[in-house]
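Next up: some structures, all given as structure tokens.
Below are two complexes that have chain A in common, paired first with chain B and then with chain C.
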Partner chain A sequence: MSDAKPSTVTLTIDGREVTVPRGTTLLKAAEALGTRVPHYCYHDGLSSPAMCRLCLVEVEGAPKPMPSCVTAAQDGQVVLTDEGRAREMREGVLEFYLVNHPLDCPICDQSGECKLQDYVHAEGRAHGRSREPKRVFGRDDFGGDVLFYGDRCVMCTRCVRFMNEVERDPRLTVVERGNRSVIDTFFDEGLDGTKWSGNIVDICPVGALVSKDFLFKQRAWDLDHTPSVCTGCSQGCNIALHTRDNLVQRVKPRTNLDVNAFWMCDHGRHDYEWMNQGERLEAPLAGRGSERIALGWQEALTRLAARLDEADGTSVRAVASPRSSNEDLAALRAMVDALGGGTIEFRLPMAADEDVLEGMPTLARRRELAPNHRGAELLGMKRVGDDSGAGGLDEAGAHEGILIVLGDALADQDTDFGAAADLFVMLGTHDAVAAANADFLLPISMHAEQEGTFTNRDGRIQRFWPGLQPPGAARPAWLILRALASHRGEATLPGTAAEAFAAVAEESGAFGDLDYPTVGTRGAVVPERAALAGD
Partner chain B sequence: MAVQVKVVRRPEPGSTSYLRAALKGMALTFKHLVNPTSVTLKYPEEQPELSPRWRGTHRMEVHADGRPKCVACGLCPTVCPANCIRLVGGEDDQGNRYPIVYEIDEFRCIFCGMCQEVCPVEAIHVGRHFENGEYTRERFVYDLDRLMEQDHPTTLLWDPSDPRSE
Partner chain C sequence: MAYPYVSDREVRILSKHFGDPTARTLTGALANGRYSAFKKAVDMGRDAVIDQVKTSGLRGRGGAGFPTGVKWSFMPKDSGKPHYLCCNADESEPGTFKDRELIRWDPHQLIEGCLIAAYAIGAEHAYIYCRGEFFEVSSILAQAVEEAYAKGYIGKDIQGTGVDIDVTVHIGAGAYICGEETALMNSLEGRRGQPRVKPPFPAAVGLFGMPTTINNVETLAAVPHIVENGGDWYRQWGTEKSPGTKLFCVSGHVNRPGNYELPLGFPMKELIEDVCGGVRDGHELKAVIPGGSSVPILDAAECESCSLDYEGVVSSGSMLGCASVIVMDETTDIVKQVYRMAYFYAHESCGQCTPCREGTAWVTKILKRILDGRGTEEDLDTLVDVTTKMTGTTICVLSDSVAAPVQSSITKFRDDYLALIRRGERVGVA
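Right, the complex of A and B next:
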């Protein structure tokens, strides 16, 4: 009989009717209407304890206010979220939150992205009425990258629940009761050794948990946010680069329920300094050893095209990098094919184990420590070298003919590399010992400076956007390689990364019929058939 | 409307005397010589009286132990309409937030006083002061030490006995 119940319910929220699936909470139903009910303890990725008492709403007929994060919507309910009692209750709750809050926004790192600041500014009282002295905890080092400022805490317990439910490594708990209650660690063990605890800094709605790495570094409102993809491993977590002064200041996870939900690992979170590395190549360089001179792009590409025509017919070999974008790798593939075809190799460092997030088994720090090895495989490139990402280039280094290196820093190679090559072209971000024999050393931009896509281990193509300015005359590798191809009169020159991606469909179909709008901000999986054809 | 041209004839040389105008000017000069209701000051012996709303070059307040009062909150560079304040925050040896770099380019500054108004800890102030001459342009970028050394009075817009205007 209960099966006969309709699967949706219709209710009225703030005078507007909405139909939602049965079992939806009032908070989510309001969200469907675009009404954000303030809340601290509720988080989409965690359980709802209904303890912050901020999402209380008035339900007609109910004897007392209901917490909207746990109350299921029912047919014919009339809910008020923003008028009369609901608003009064929130004002009262917010005043209680400020009884012991130090109001140290000027020195708090959360300032500018703090929910307490936002809610009190929007709906709180202008002045507190409490005249009692505030309790003082000071600050506590929780281990790992996390600092705890107990005075700022609103006891939402999101951090405790994250460690219990998602990381499944209960390191945090609430000690004491009433207004003395505070978050603490067990036996000073702290968060040392945890691999995902950086997430509790993100989900803390106030400045109680802050990152040591970001401590006092920048103000939240000064940072530009650029959607990107983590380059730490082949999982391809969606991230946002927070940049200022043309430097990446920190990295935060970006919500994508299909890949990383709301989380990212601590490795990826702290692996951003390499994007700010100086001493970059800034101009195209031509000539070996003491003959090396800096050129403009026009001159460099003209000379290189002439040398390629000269060397036409000799065998081609290329070394790529699984840290390059699909567009870059595909442009290299097209270039090698146009020169008569040849082997393209890449090297891939591998970790010993995966670090799986217990509460979300589909999310892990994967063994493959590069973001795009799958894309390279789809384009028919072969992995060489060992698990430390070294070796395997003996043949390439001794190759006689045309040798192209894209993205690989050749850190483990010596000055003999490429000495025998007729023409050695290296596209890289930095000069290297092994680049001594390069006839052309061309500066490329790295992933934080260009638009492009990566293919993660599941064949999911995900876009990233440029957050930094490339140094000097550095350009995306796909633009350089495609410009070279058009210089030799073989192809039209794509003007944007989207066109460079579209060119792949024409050439090899390695990524099926996907295009940039389809991939969007959340990514799209390469169609099965195309993936098989690529293999 | 059609353009109209009016031709003004230049007086012939010798036909006009400028003596009358010259005498008129001299008369005014001599009038001021004997009747000095003037606005001229004998600067620098005499100093002008500055308006209560005068806003001059900045100074940074310091704690009793010599540390700057600034907590590097970043509000003054944010509010500054001329973008003349450069601030890099950091952590000092006691774990406090403090400015590692704090520079004001007094050439770019438009002396609006908003930095003082926005400061939550009453650290940065505009001064009641105008003698800022220097021999090089670089000297007009005041760094933190220079701002702390400034000993001219702060503007009357700020009352130290009632720092938050309550």
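Right, the complex of A and C next:
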């Protein structure tokens, strides 16, 4: 007889039976039933010290309440998470937290997304019994973007463990003991120079660690959260844009175990102000120099279509941007192909080194400082220029024939760019010196304002959603380019980003048979065959 | 009559050489028969040693009273990993001063106990973790270890038996919590002295992640005698479930405080009246803490019939703990005593678990307020409720240790509290 134990265990939690893999903790088993056991020190991405004592549950037959975060589920166990002793003890623990907590919610940044608020509202005592003076630690600048409010700390040590276990740069520790315990840095430098420490603000369950950048900026409950993808590099970390007043107020990582788990780097986290930049192009402009006038879309596209017909047969050349979505780039590819085909180039700034997260080597701030160079490559576009993302456009700038620029701001180019072109069409968010010769300057929306996908360095297609309203008449580039094609009678006009994505699959096969529902919120990898065809 | 006080009721086995400064030298120790039991143990073999210790019924003297032989048998037999023995000499419980004397007067007795235990559990290294404040005692111990190394009683091929065991004396940094076995291991490894979550237990994952047994000084000091004379010999003293002798550390309002080695099951009344010469003249007994500051307080009536063995003290409503008997007469202000204990625990809480970190400090603040005459009767209910929520909800039992004196004192000495709350009167003069 083999004594190999079955690989699953079946237990009862709050009267409901659940079967989970052997070794699953009670906390996770309860989660499988949709029961969330309150906890502070436990975090999916960190070790479990079982010290907050908030996740205590009652296990039938056990003399003491058990910490559910480290107690493995056993066959036939009967667990109560929400009544009797477990509930009573949790109420007690919550009251202990409030003995020294300053309750300064009205001026606390965490207010509205604070686990202490949530738990106490849900099951704390209506009135605390502590009449004693509270101990006071005050505020400490931890360096980097992190500010520490010692009085609010619940001593869960998630921040200490993140720095030790995930960033593997132990900059934080607990000093003193008892209720004099406080999180502190070792030296004056604190967190300065760390590349991932912004994450400790996210995992702090209360307002003890707050972002200096976000300090007193907005109340958490006023923010809209939009799932998006970080544009800082080719890793493609899943993020949420937190917006209000049509401005991105901050960026937070969004959990995706296949890409970035729970984390994102400080580089990406603080790379959002550009999305709020003003002086945007708001209407289609036509004509060079003093002849330039603003038009409505219908008139602009009619005129542009006529010019394209005139120029039919001349050579086509295009400049794209690895910051544009797959849908935008594919629409450009289709347009260029419809005009007889031609070179499409893009420029890509590259960092000297990667910043790898030691505790999760598959996550790094990658060298390629744009989100979609892989998508551009899959669509047969070629990288030009240097590692600062400049140069390489001499031929394009002097091109005679049709010249299309999509997304590249041409910041390093001069007024003579495109001077020789028969027809110079530029799709961008801002006017530029190098746009002086553009016959058509068309306002496009950027990724935060439209739905679309990026392809990360591993060929993973990930969707993002619009969190901001595009200014004026700005539209997604794919819509403009596809409308133009349909105006010329070349194709049907896709009405949604999903249809625009489907068109890519149809035209080039670059993304195989993927579609939006398959990609979902977690992304999907480009099928190998399709990727090879693109290469 | 020598060593501060002795009594003819004592059975002096471990404390036989207390007060004799020659016993701590290797020459004196050898003359007293030390290190012969180790040879005998090796002749008997590991299993036989564990069997004899099991037979003796020796129970952990650090407070929990777990059977020592059983603990040793938890060690894996063929794990292929190094095994370790830890000797807990972090004697920090207020009211306890037995391990200090055992090391001070007879360090070789302890070292031999460590060697036998290490041999029995297959450990190659024994660590003796001394309390940070034990300056004098740890230097005596270190000197004894050095002498024993020099003469081949520790180290490679001990006494020609072919057994190699190293002994290291380590001095803590002065934290009460490092007397908790897993916090001690963390401290020994150079980490923060914080108790670990159990399971895994030390016998599976202990010091440096290896199978480890940890025993109290007094437990290990008894081992050579058991090996020398057999487990049944040890059973001639004490009760069926609590065999053997135990050092009682008596302090407080008695005429002759001190360490007394008595058979377990000794009546508390006789310990106070007879062995310690009674409560000081003109005063009467008010309360006794029988097992160190972390156990419930007994009032005078409960002391009458209390029998000093593990089960006896439990049936009287407290715990034997490490047998640190703190005697208090009627001049004692119980509220102040309890406040002082709570203050100690609040100071010593490692700060890991919320109920302990916040609870100990909160309880201390409430007690201080009551002591200052600003308490209310509701405070007593709050204290009982808060301490209930500090019991059984943490990784270690430090938090339970505050609950015991607070709850028992409020039940048994409520009048002391009420006198303060209602009339602002302090009971006693202490």
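As a convention for this text, the second predicted complex is superposed on the first by the 532 of 535 C-alpha atoms of A that agree within 3 Å, B and C clash if a C-alpha of one lies under 4 Å from a C-alpha of the other, contacts with A are read in each partner's own complex, and residues count from 1 in each chain.
Quick note on the criterion: a contact is a pair of C-beta atoms (placed from the backbone, for glycine too) under 8 Å apart; a residue touches a chain by one contact, two chains touch by 3 or more.
Since we're looking at a predicted model, the values are computed, not measured.
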TODO: Specify the outcome, clash or fit, for chain B and chain C once both structures are aligned onto chain A.
DONE: fit
- [ ] Quick one: name whichever of chain B and chain C touches more residues of chain A.
- [x] C
Open item on the list: Let me test your reading of the model: by the given contact rule, A:F216 touches which partner, first (chain B), second (chain C), both or neither?
Closed with: first
Open item on the list: If we overlay the two complexes on their shared chain A, which of chain B and chain C does A:V70 touch? Say first, second, both or neither.
Closed with: second
TODO: With both structures superposed on the shared chain, find the angle between the C-alpha centres of chain B and chain C as seen from the C-alpha centre of chain A, to the nearest 10 degrees.
DONE: 90
- [ ] Have a look at where A:A50 lands relative to chain B and chain C in the superposition and call it first, second, both or neither.
- [x] second
- [ ] Look at A:A502 in the shared chain and tell me whether it touches chain B only, chain C only, both, or neither; answer first, second, both or neither.
- [x] neither
Open item on the list: Is A:S181 touching anything from chain B or chain C once the two structures are fitted on A? First, second, both or neither.
Closed with: second
TODO: Using the touch definition from the top, say if A:L493 reaches chain B (first), chain C (second), both or neither.
DONE: neither
Open item on the list: Taking the superposition on A as described, I'd like to know which of chain B and chain C A:V525 touches: first, second, both or neither.
Closed with: neither
TODO: Once the two complexes are aligned on their shared chain, state how close chain B comes to chain C by Cα atoms, in whole Å.
DONE: 20
Open item on the list: Based on the A-chain superposition described above, do chain B and chain C contact any of the same residues on chain A, and if so which?
Closed with: none
- [ ] State the interface residues of chain A toward chain C in the complex, per the touch definition above.
- [x] 49-54, 56, 63-65, 67, 70, 88-89, 92-93, 95-97, 99-100, 129-133, 135, 154-155, 174, 176-181
- [ ] Would you pull the chain C residues touching chain A in the complex into a rising list?
- [x] 175, 177, 192, 197, 346-355, 357-362, 365-366, 369, 382, 386, 388-389, 392-395
- [ ] Please give the residue numbers of chain A that touch chain B in the complex, ascending.
- [x] 105-107, 111, 139, 215-219, 221-222
Open item on the list: Give the list of chain B residues in touch with chain A in this complex.
Closed with: 71-75, 78, 89-91, 95-97, 120-121
